[in-house]
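Read the structure below first, then the notes.
Chain nomenclature is as follows: A, B, C and D, assigned in order of appearance, with residue numbering initiated at 1 for each chain independently.
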Amino acid sequence: MRERIISSIGFALLALCFVVALARIGLKQWWLPAVEGKEQVTIRVAHWQLEGGVRDAFNAMAEKYMESHPHVRIQQLPVPERIFPNWLITQLVGGTAPDIIQIGLGMTEERKARYFLPMSDLVDLPNPYNAGTDLDDVPLRDTFFDGMESSFSQELLEYYGLPLSGFTVRMYYNLNLLREITGGESLPTTYEELTRLCRQTMDYAKRTRQKISPIAGSKYNAPLLMDRLSSSQTGDLAKRLAYDFLPNRPSTALLASAFRRGDWSLETPEVEAAMGLMRDLGQYMQPGFMQLMRDDASFYFVQGRAVMIASGSWDSTSIRQQADFPVAVGPIPVPAPQSDPRWPYSQGPLADSTVEAGVVMAITRASKHPEIALDFLYFMGSKPVNQLWTDVSGWLPSVVGVKPAEQSKGFAPFLDGFIGGFNLSFSGADGMRVYRNSINRLVSPQGSVDDFRTDLAKSYSSAIAEDLRRSSLGAVQIAQRNDTLLAALSMLAASGEDRASEKLDLLLQSSAGNDYGARRTPAVWKSFEN
Amino acid sequence: MASTFQFNEARDAFVIATGDEAMRKFGEAATLLNVQPRTGGNIQRARRLFEEVARDTPPGSKLSRLSRFYIARVKEFYLAPQDIEGATADYLSLLQEKTADPLIEQGASRLVVIAAFSGGTPADRLQKLAALEKLDSLLETPAGRREFHTSMAYALLDNGGDKSRAVDHFLAADREGFTRKATAVSAWLVAATTAAEIGRNIDARYFFEKMLATYPQDPRNFTVRSLLGRLGPDNG
Amino acid sequence: MPQPVSKRKALHEWKLYLFLVPALVLVCTFSYFPAISAIYHSFFRWSGGEAKEFIALENFTRALEDPVFWGGFLTIGILVVANLFKMIPAICLAVLIHRLRSDRWQYWYRVLVVLPMIVPGLVTLFIWKFFFNPNLGLLNSFLDASGMMPVLAFADRTLGWGGIFQEGIPTAWLGEPALIIPALIIWGFPWIGAVGVLIFLAGLQSIGTEVYEAADLDGVTAFQKFLHIELPLIMTQVRLMVVLMMIGTLQGYGLQFLLLGESGGPGGAGMVPGLWMFNRAFFAGEFGYACALGLFLFVVILGLTFINNKYIRVDK
Amino acid sequence: MSSLSQPVGARRLSDWPKHLGILLLLGLELLPFYMMMQISVKTNSEFLHNPWFPSWPAGWHWQNYAEGLRLMLPFVANSVVVSVSATVGCLFFALLGAYFFARYKMPFSNILWPVFLVLMMLPGVANIVTLFALLKNLQLLNTLWALIILGIAGGQVFCIYVLRNFIEDIPKDLFEAAEMDGATHFAQLVNVVIPMSGPILGTLAILQFLGSWNDFLMPLIVLRDPELFTIGVGLIYLDGEYVKDWGKMMAAFFVASVPLIIIFLFTMKLFVRGLASGALKG
């Protein structure tokens, strides 16, 4: 009997929970909307930027918009990066897609074409929300620092969405530790100063018996740093090896064919210097860093166990929010020319390689109120609101003339530098794989450049061949896909269809280049097979 | 998968264009080329359809010529093994008809690419390329000439040919005007560095400055400026 | 048994049919319809929307040649074999509990056995994911602290595992293709499923005291008792659990999806057929192809069920 | 129960080695639970310095729980609604169906029975793809209804199977007596079947509830709006954060477990006794 009573209490409690939960849902779903009035329109905005500050920035923009548009409710849907592709396809196919979605992860040209609204007709008109600013009559395209390259689909030849941000990669410093170790706050500007700081840190850690590493590394963060450093040595070599080094930072096919011809190898002095530089740097990261993930390294840094971490501007607010110490950022220091005989090929400071904007937000065809979604998109892409975005998120702006927030000054793109050379993982996924498999032999204390080279040489050539094979297939596929599109555009242009001739001309240029690659890459690949 | 969209859009485009039977066949054939996964049967069907259209339409008509162009394309790119000789012959005969169609004139750059990566020694290939120089006189559209000269320039560079000739081809292509950023930047910068290398400073300067003026925000411009600064006096 | 009824009575009781309507409608709509729809759509190129294109057997011929899909069956095979061994702790625990003299203790141990069930499955999974973390994870700390790491590193060096285990370097359990399957096996250690233990205990209940007494008189050791008395008696339950486990392992992919992501982790080492089907549908948008893959999986499981029913009879 | 729990192996000196073995196994099994509890009141740096042992109670970070509650409570509420509705609905319809089969041998019931029985054999693995399309056509995507209805439908076969066997074992005279009193079939179901089948219903309820509570694949592809998330989806989203505060994560994990812990505390016997018999019949 006692048992019965006890279980009854259990079920009663459960029933109570159920009623409360049901009431809560009912309140939110039906009652509140009914009270607030039916004319409320909800615009949903989905993105995967879960880094610190970004959700706040979206909220700030939404609130500001809702102030002036009381009948509109902006709802933000942040979706984790890992499940975003899955989420995207279920929403698109299921017809439940939000009004505005960030473009990139899980996106294909087909999905763009089928599920998103192109903005090509609008890029030459001004953004209404820029009225009254110095961008008043400027065409939409020219209000973004990248000329909306990031929104342009090379395959569909249409513009989709507006970018909100730009990105660069920097070195973050723990200022408390820096002060304690060096007695000052000056950041290293060259590689030599960087390594001096690293050595000082290790002495300090030993002296004070603390577990502190100079640099927090991971599978994700270390390559950001190492690629930069090794490309500081291979600039001149790249120039010699590949005639397209300047526009295309040597194309894979040219580098691979030069490798096949023996014009360069893992013994080439420049490559050896790059390896030496990576090994030199590797000793300053925590042991086994290549086994760690992105969040492990940031965790390490914000817990004060490393003086530095290399990461993108996208991590800046996360890091600042998590760290209970002041953080400074500076460019990744590379060796100055003639500074060290071990790496004699240094040219000097390198320019930031990426200038495309990011966080491109586009309107879906599933939107029930595309005109309001467009209005909000214009709003987000306008100069004053992009300033708000920058100030709250701590990320870089995408609109011309918007000042980076105080804390993100250090991330402003640096263009007055040289173009770096190539990395050993230049060929693609397989090159990257064998390179990463061997890298512990380069950077671990018991490793060496020779050890690494011997290990890498075992599979390097076949990995390049595999990458070439894959990109050959890709190039042929794109070329063939273009054929159908060219036929259609050619017919449309003949019938005088709007914009068809312009599109045809664009596609002719890209398909000619692609056709070229679709023969060149297989030719290089075949040279590896023989 | 990705082609499904184009399959649909292209089919729509053809339907919109006309209700004409030959056009419908042409559209079906063009889309069949990209139905995934690609099967030999589909390609054969596409080829048959193209052949029917080429036969059933007046010989000089756009549709007939485009069909022949696509038959050449099928031979070159879709058959296994490829029929390069057949494709070469088809492209050549189309070009000799002076079609003034920008798409059909792509045949010229196709011929260049085929020659540039054919078998034999680099010297053999350069010889084949030299034989193609005369195609220029057959091209009547800016796009046709532009793509032909661009391909020719790259083909010379890839085979260790005459760099000065390559720069000339870039200049010829540039005269027709690039409208796509990636293509333009690539051509200008390769042309400029090649010209600088062989001492054609005026041309190098021209390409560098065009780059700086057209895309002032580009991250490559620091290097461009420093290379520009290092150029010697203009000496032709 | 249900009472037989005359036609007249049945006609009179026609309302009784209404009792079955909801269940019938639900089952037809949400079990039969999707299954038939899956068969139908497996002959189409279909990306989930209205548009579809009939392609006859192309999805099936493609599936037959799909190395990822069939490779997944190999992974599943390894996991099934591992899962067989992973049943041992549950059996041991059930026997240990059963041999206790005290009723009270038996009861409270059962309560403790059931306790993990009340933690949502996902929570346990994410905690294990945290255990696998190379930097903070308990698995690596344990290996270091217990001195297992040098042993593994030695084994790595002598057996040429390719530097997966190295002293002083954290092991990336979910980041190293060669370690994915071991991680999937270690997951959930010591693998005591509450339902399994309770079922084994139910089976053990039929052992009378006299059996033990007789055994004790013969001076039988504890292990022999297990082998000759307990194991034969719970064989029915063990068979049942094996069947359930096999079917569950073949169908399951949630674990792989959450621990490793939709492509089965680095190198796709943890890819299983179900995950590949899910991946093709909800990542690649190839719904028609996913249907075809699902049908293959269906046939394999169905075949297995028949074999089970034929050879591994579960007697009541 | 009593016959089998006679002092087994009474001549043994002591049970201690067995206790030790059991405790060792159970201790390992409960390790994740222990870690969750002790980390849930730590900050990241506390955890870093002392990963294994509980910290001093005075320094416990209850803020983690404030955050955990804020994060998980709405999800828990949704899960409660879905799981309770699905369980109640499932058992209700299953009782009706089982009654139909168990009470009389109605015409066609020998045809209708295999319709259900066959599904016990057929794996539903291929269905998820087309179920998604079906839900889309029924306009049920991004609703809790989808999850409730799927929960109800998904449990029908198993529950009807178990309940039919059970109802058939109820003495016929009970039904006949009720029928004499003029009770309808529904009244017979309520007054005869339900009171008799308390434990089996409870066991089935727990199984259905657990199944629905632990589901995450369907909610993940069905739900879009955060205000509709069930704990499964909520936990996956939480796991996707770049910066992880482990204490808060663990607190959130614990919050997600609370409803089941409460149910468990009150229905422990049902869990322990019922599960074995219930699962065995399946």
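We adopt the following convention: contacts are C-beta pairs under 8 Å (C-beta built on N, C-alpha and C of every residue); 3 or more make two chains touch, one makes a residue touch a chain.
Treat the numbers as computed from the prediction; the structure is a model and nothing was measured.
Trainee: So which one's got more C-beta contacts, A-C or A-D?
Mentor: A-D
Trainee: Where the centre means the average of the CA atoms, what chain is farthest from chain D?
Mentor: Here the answer is chain B, farthest from chain D.
Trainee: Whole-Å distance, chain A centre to chain C centre, using C-alpha means?
Mentor: 38
Trainee: Could you please state the distance in Å, as a whole number, between where the Cα atoms of chain B are centred and where those of chain C are centred?
Mentor: For chain B versus chain C, the centre distance works out to 56 Å.
Trainee: Could you grab the centroid distance between chain B and chain D? Build each centroid from C-alpha atoms only and quote it in angstrom.
Mentor: It comes to 64 Å between the two C-alpha centres.
Trainee: Counting in whole Å, what is the centre-to-centre distance of chain A and chain D, each centre being its mean C-alpha position?
Mentor: Distance between chain centres, rounded to whole Å: 42 Å.
Trainee: Got the chain B residues that touch at least 2 other chains?
Mentor: 1, 4
Trainee: Where does chain C touch two or more other chains at once, residue-wise?
Mentor: Expected reply: 47-48, 136, 282, 284-285, 287.
Trainee: Pull out every residue in chain D that's touching 2 or more other chains.
Mentor: Only 48, 132, 136, 221, 236, 239, 263 qualify.
Trainee: Where on chain D does chain C make contact in their complex?
Mentor: Against chain C, the touching part of chain D is residues 1, 3-12, 15, 18-19, 21-22, 25-26, 28-30, 32-33, 35-36, 47-48, 51-52, 93-94, 96-97, 99-107, 109, 112, 115-116, 119, 121-134, 136, 149-150, 152-154, 156-157, 160, 168, 172, 185, 210, 213-214, 216-217, 221, 231-232, 235-236, 239, 246, 249-250, 253, 256-257, 260-261, 263-264, 268, 271-272, 275-277, 279-280.
Trainee: Along chain D, where are the residues that touch chain A in the complex?
Mentor: Checking each residue of chain D against chain A gives 44-45, 48, 74, 76-78, 80-81, 84-85, 132, 135-136, 141-142, 144, 202, 220-221, 224-227, 236-237, 239-244, 259, 262-263, 265-267, 269-270.
Trainee: Quick one: which bits of chain C touch chain A in the complex? Just the residue numbers, please.
Mentor: Answer in residue numbers: 47-49, 133-136, 162-163, 166, 168-172, 175-176, 261-262, 282-285, 287.
Trainee: Please name which positions on chain A make contact with chain D in the complex.
Mentor: Those in contact with chain D are residues 3, 6-7, 9-11, 13-15, 17-18, 20-22, 24-25, 28, 44, 50-52, 75, 77, 79-83, 86-87, 90-91, 93-96, 98, 294-295, 298-299, 302-303, 315, 318, 321-322.
Trainee: Which of the residues in chain B come into contact with chain A in the complex?
Mentor: Residues in contact with chain A: 1-7, 9-10, 13-14, 17-18, 23, 26-27, 30-31, 33-34, 38, 62, 66, 70, 73, 77-78, 101-103, 106, 109-110, 113-114, 116-117, 143, 146-147, 150-151, 154, 157-158, 178-183, 185-186, 188-190, 192-194, 217-224, 226-227.
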